[in-house]
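Each structure below appears as structure tokens.
Shared chain: chain A. Partners: chain B in the first complex, chain C in the second.
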Partner chain A sequence: MTSAMDQKSTQNKDAEKVIEKELSFGPVHPALIEPYRIRLFVNDEIVEDCEININMAYRGIEKLFDGLPVEKALLIAERVCGICSHVHAWNAVRVIEGGLGIHVPERADYIRVLTHEFQRITSHLIFFGHAFEVVGHETFAMRSFLLRESFMDLLQYLGGNRVMPSVPIIGGIRPRADLTEALKKVILERCDQFEVKYADYVRRAVEDPVVMSRLEGIGFMTKDEAIKWHATGPTGRASGWDYDLRKTMKEYKPFDFNVIVLPEGDTKTRVVARALEVLECLKIIRQAVKNLPEGPVANRDWTAKEMKYTEAYDETYRGELMHSYSLDQQGLVRNYKIRTPTITNLAAMEQACIGDHVTEAILTIASCDPCLTCCTRTELVDNQTKRSRFMTEYEIVNKYGWRR
Partner chain B sequence: MTLKSTSRKNAIHVMLFYSGGCNGCDIEVVNALLSPRYDLEQYGILLTWNPREADVLIVSGVVTWQMVEPLKKIYSLIPDPKAVLAVGACAVNGNVYKNLVGDIGENKEIWAPVETVIPVDVKVPGCAPRPEDIIAGAVKGLPKLMGAP
Partner chain C sequence: MSDLNTTLVFTAGLIASSIIAIAVGIAYSLILPGIERKVQARIQQRIGPPILTPGWWSVLKFMYKSKTEPIAQMPRFYKSLVYFGIAIVAFLFLFTTPYWWSVLGWGSILGIAGLLKLEEVLYVFMGSQSQSILSATMPVPDLAKGSKWVGIRREFIEQHSADRTLKMMAIGSIPLYLALIVPFVAARSVMLSNVILVQNAGYHSAPWYGIPLPSSPILFTLPGALAAIVYFLGFIMIMNEKPFSILKAKIDVIEGGVLEYAANLRASYYIMRNLLMFALSSIFVTIFLGIPFDPFTPSMMLLNMLLSLILPVAMSALVAFSPILTFRQIYPTTIGLSALGVLAMILSVSI
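Here is the complex of A and B:
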């Protein structure tokens, strides 16, 4: 993340040039809802360098998993993030299912995919709300919050909670989240109503010259840069990088959908890529409801036993997510590791906002849909004082040369 | 009801302080306060980001080490009378981050509940609490503001 800054600062030292003016935001700031710190090094209102510090939400989650029974670990896994709660729970389940070869009924897979796409829509609509608030267009922000409510309702009908639906369990889904005929009808109805309203909303947003003039032509990121920083998800796909894990996942085999890849790579493209992706989500939801196979929803025939370190990858709403852990002889979780997409996407955005006007920097950073609650996972323990503290990305890079 | 409290009733300013939860409660608070469906603004309750202007402080999530000092500072900046809402299971009792631990024994990375950092007046439980509950909690905090001289 700050390795770029590291390189840059050494370059600057060589040139004996010091950037003096610094704009600093956060961690608690009106422009940032989540706590993070942005340092913009500016030269006459042009951003010369950028540093983002995202350690404020460190909760020591990965350590909490150690020694827990794997069913209990799912509860924490789901609470890693409040926006993408389903995918964290799902991916934690996929690790043990892959590692121990637990069979998952087809019906359960369909409902997991369905919930995944529900949350993708709500997540993208939060992004529009946030992005348009940063732009200063309250009306569009409000409209996206209103549109989002119909899918929050569906999540509540399905799982019983708006934010934490807790759909997946090991070997299937919770029987409570099984789709009834009545719910199927409601979902299809809501999708139809949503599509009409959403198409109108997107058309208004994209055709609005005032809003688009704020977004167009800033925060450029080329395809090579996206690959270099591993900016996955819609952020990378908006730079022309055709990379979507859903195309390789076996759960998504039965579904027919397109991957939205746009070549331009500026802030507007990243917004438009997400806007188009929502329509693909609707496609998947309709297919999942219409082709839902009959059968059981959970396979209870499994026991937790020793498992080697296993990884599972999933395409979340922001990019590529990795969960991995191993199980010891008693079936307790060891060495839990989570790598979330935001950490690499923000690194790319640090680069993308260089060279732009200072007013556009926060907009560019927001355009990768940062969700910081699940990011940093490093601590430094002082043996003498027995106090632990957080390592900044800068320290990590300096000490371990990470991501070089 | 004094003139002061009558006029105060129409302009309750709420500040949201994100202290390090999972983001779920924050979105629900913003939803409850701003979004057209729940719309707390119609009752004269407004969202602000300026502590000197705020009457009610909403704290969501466990308090991480880096947010302890900012939270204390922001609490001291809010003028009296003030009410504090702890929204969500994390702010009320620490939720999974405090209570569901394996070998580590006790999670020392977080301060939970929020009461250990600043005094709390209203607690809204739930993971995540529904927007209706948050609105009910905000209304429960009003008497403290109204009854003040």
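Here is the complex of A and C:
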């Protein structure tokens, strides 16, 4: 009853609010690295409300999976995103490993975690690059990309490719991604060199009063709001929500690391949370290399067979990632569904930028680290009326029988 | 007869001086963006573009690009604004050259400040006219039926930039004008010739081949140094460069009012912008160091051009290390700078 009353009063409050004008940007805009539409409802420079429309780059990737042999389908999974390619590949194999109870050797788990943390660092450094580009500080943005190169190289040494290292396979990892003693040494050396440069970079950014004046005191999101909108990942943790799936994942059990939780909830905190997380990633990488167990890296003793609809969750660089599918009697993939972190973080972004100046609102959205093309989903286009619309999950299930 | 001869000689000198000044000014000003970009690139550990590319070659390239018609409300008016801009900046520069000092009192603080204000007003017109496809009229089905806000006035991003220009005109340009006044207060005159006389007494009597260096530049006094700092930051505000580039913040209003200038209009805009940068730098050297841009005294002209690099190079370094400030930071910064300017003005009375 109380919540209904609260909702009513909010609606009334919104109805009374006078909006002077609407400013809309995108999907073609030099500041947006992906095609999306932002509608800002503003009074003078102050954002009163925000709508983000993401249906610009629909690829139909979930449909591509349908009917493919599971090994082939997993190659597509890696291509869902170019920044977090490994986590999609990893989580895709975790679904079948969980569903069919496939054993994964411990050494393979370590190397999967290692690759995961490599990419977490590269992802966070892309985030800094983009955030500082939006702030207008080109030097910090470019230094961030320069720093990122160390780990792009390491990904290439490990998997053979900078962007799509293709490390996980069902039951383990590709043998080519096994760590040699020489590579272990290179990784540890690179981590040491990187840490020195990175600490200097972060110190300079945090101690720059002009840059910090742009980040501080804007884009507030409280812990309750973060939970309400399900803002997972560093976005939620920067609002004081202690939620990190790595703490519950069996692959991360052997590793000692801290979950960075900061209570302030503004744009600066979201940047700082990621900056501190990179240091925890280094901690995990060193542990993975030093304590790497001996043994095989892949378990080939499995066959694709009928599998019920199974889900797997992973803590990706932007938040919580869900992959789910079932296998039919021939072992072909059915009903593939992916929920990327941006899907849940979107509402939080819209909420967080209310009250900011227009220029700051774009920064607040960027500070939630959106990855929009990965999360764009089914859109229906009626050829006769030329109208397009999204389908609700209920409609999809009814029409196409997903999850049956 | 002798008066007529004098007038004719003066007019011929004025025309020749103006032609030389504009030709040299535009040619030289188109090198400045290259230097600017090179300094920024070096700070960012990049090689950067060749010196002539961002100025000279980009202007030549845009001159020969196929023309596109702006979607502005009044396209002809919108297109003419950039040419007005070039004319305003050209006169601003000419008024600081010695031949113009005696023409109707234009070589004074009033002439300079008036033209600068006009130049600022142009951005309001540009912003209110331009209607690029990049915002309100982009063909995207974004008007959802379930939206909380239906029927709200949709504004073009350029118009929002025009709103910001008005704010910057109201407050952002004050520091520059305050700093401009300081040398004139120190010289107890509104005329540029007297400002030069106070700092460089030998200039007026020097022959064309002489190098009359200033004996007491106002820059090396306390009020002069304070005013120079304020002038430098005011210069960046007028140039709409980072950290005060809110009128053309790439992340929201992109290029602001000049967004729709393409091809030859874009080339003209570059000429306007670069000539303004050189004109303001040259004015700084003229009024703070007592070295005017004199087309008929080559040594002074070259010295003025050389020293005019100070502000663009300093600006490039600042741009490389600065984010874009929003009005949350611009208002207090401007108030602080204005206070510093007023202090410099009060102190300059005692010089």
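Note that the second predicted complex is superposed on the first by the 360 of 404 C-alpha atoms of A that agree within 3 Å, B and C clash if a C-alpha of one lies under 4 Å from a C-alpha of the other, contacts with A are read in each partner's own complex, and residues count from 1 in each chain.
One rule holds for everything that comes next: contacts are C-beta pairs under 8 Å (C-beta built on N, C-alpha and C of every residue); 3 or more make two chains touch, one makes a residue touch a chain.
Owing to the predicted nature of the structure, the values given are computational and were not obtained by experimental measurement.
Quick one: classify A:L146 as touching chain B (first), chain C (second), both or neither.
both
A:V259 contacts which: chain B (first), chain C (second), both, neither?
A:V259: touches no partner chain.
Could you tell me if A:A199 is touching chain B, chain C, both of them or neither one (first, second, both, neither)?
Neither chain B nor chain C is touched by A:A199.
Regarding the shared-chain residue A:S85, is it in contact with chain B (first), chain C (second), both, or neither?
first
Looking at A:L332, would you say it contacts chain B, chain C, both, or neither? Reply first, second, both or neither.
first
Which holds for A:S24: it touches chain B only (first), chain C only (second), both, or neither?
A:S24 sits against chain C, while chain B stays out of touch.
Is A:I362 contacted by the first partner chain B, the second partner chain C, both or neither?
The answer is second: A:I362 touches chain C but not chain B.
Quick one: classify A:M164 as touching chain B (first), chain C (second), both or neither.
first
Taking the stated contact definition, name every residue in chain A that is touched by chain B in one complex and by chain C in the other, in rising order.
Comparing the two interfaces on chain A, one with chain B and one with chain C, the shared residues are 27-30, 56, 142-143, 146, 388.
Enumerate the contact residues on chain C facing chain A in the complex.
By the definition above, chain C touches chain A via 40, 43-46, 134-136, 138, 140-142, 144, 147-149, 152-155, 157, 160, 163, 242-243, 245-246, 249-252, 254, 320-329.
List the residues on chain A that touch chain B in their complex, please.
Residues of chain A touching chain B: 27-30, 33-35, 55-61, 63-68, 72, 75-76, 79-83, 85, 126, 142-143, 145-146, 148-149, 161-164, 332-333, 371, 373-374, 379, 388-390.
In the complex, go through chain B and note every residue touching chain A.
Within the complex, chain B touches chain A at residues 16-28, 30-31, 34-37, 49-50, 62, 64-67, 70, 74, 95-97, 100-104, 107-110, 127-128, 130.
Which part of chain A faces chain C closely enough to touch in the complex?
Touching chain C from chain A are residues 14, 19-31, 37, 39, 41, 44-45, 49, 51, 53, 56, 132, 134-139, 142-143, 146, 210-211, 213-214, 357-360, 362-363, 388.
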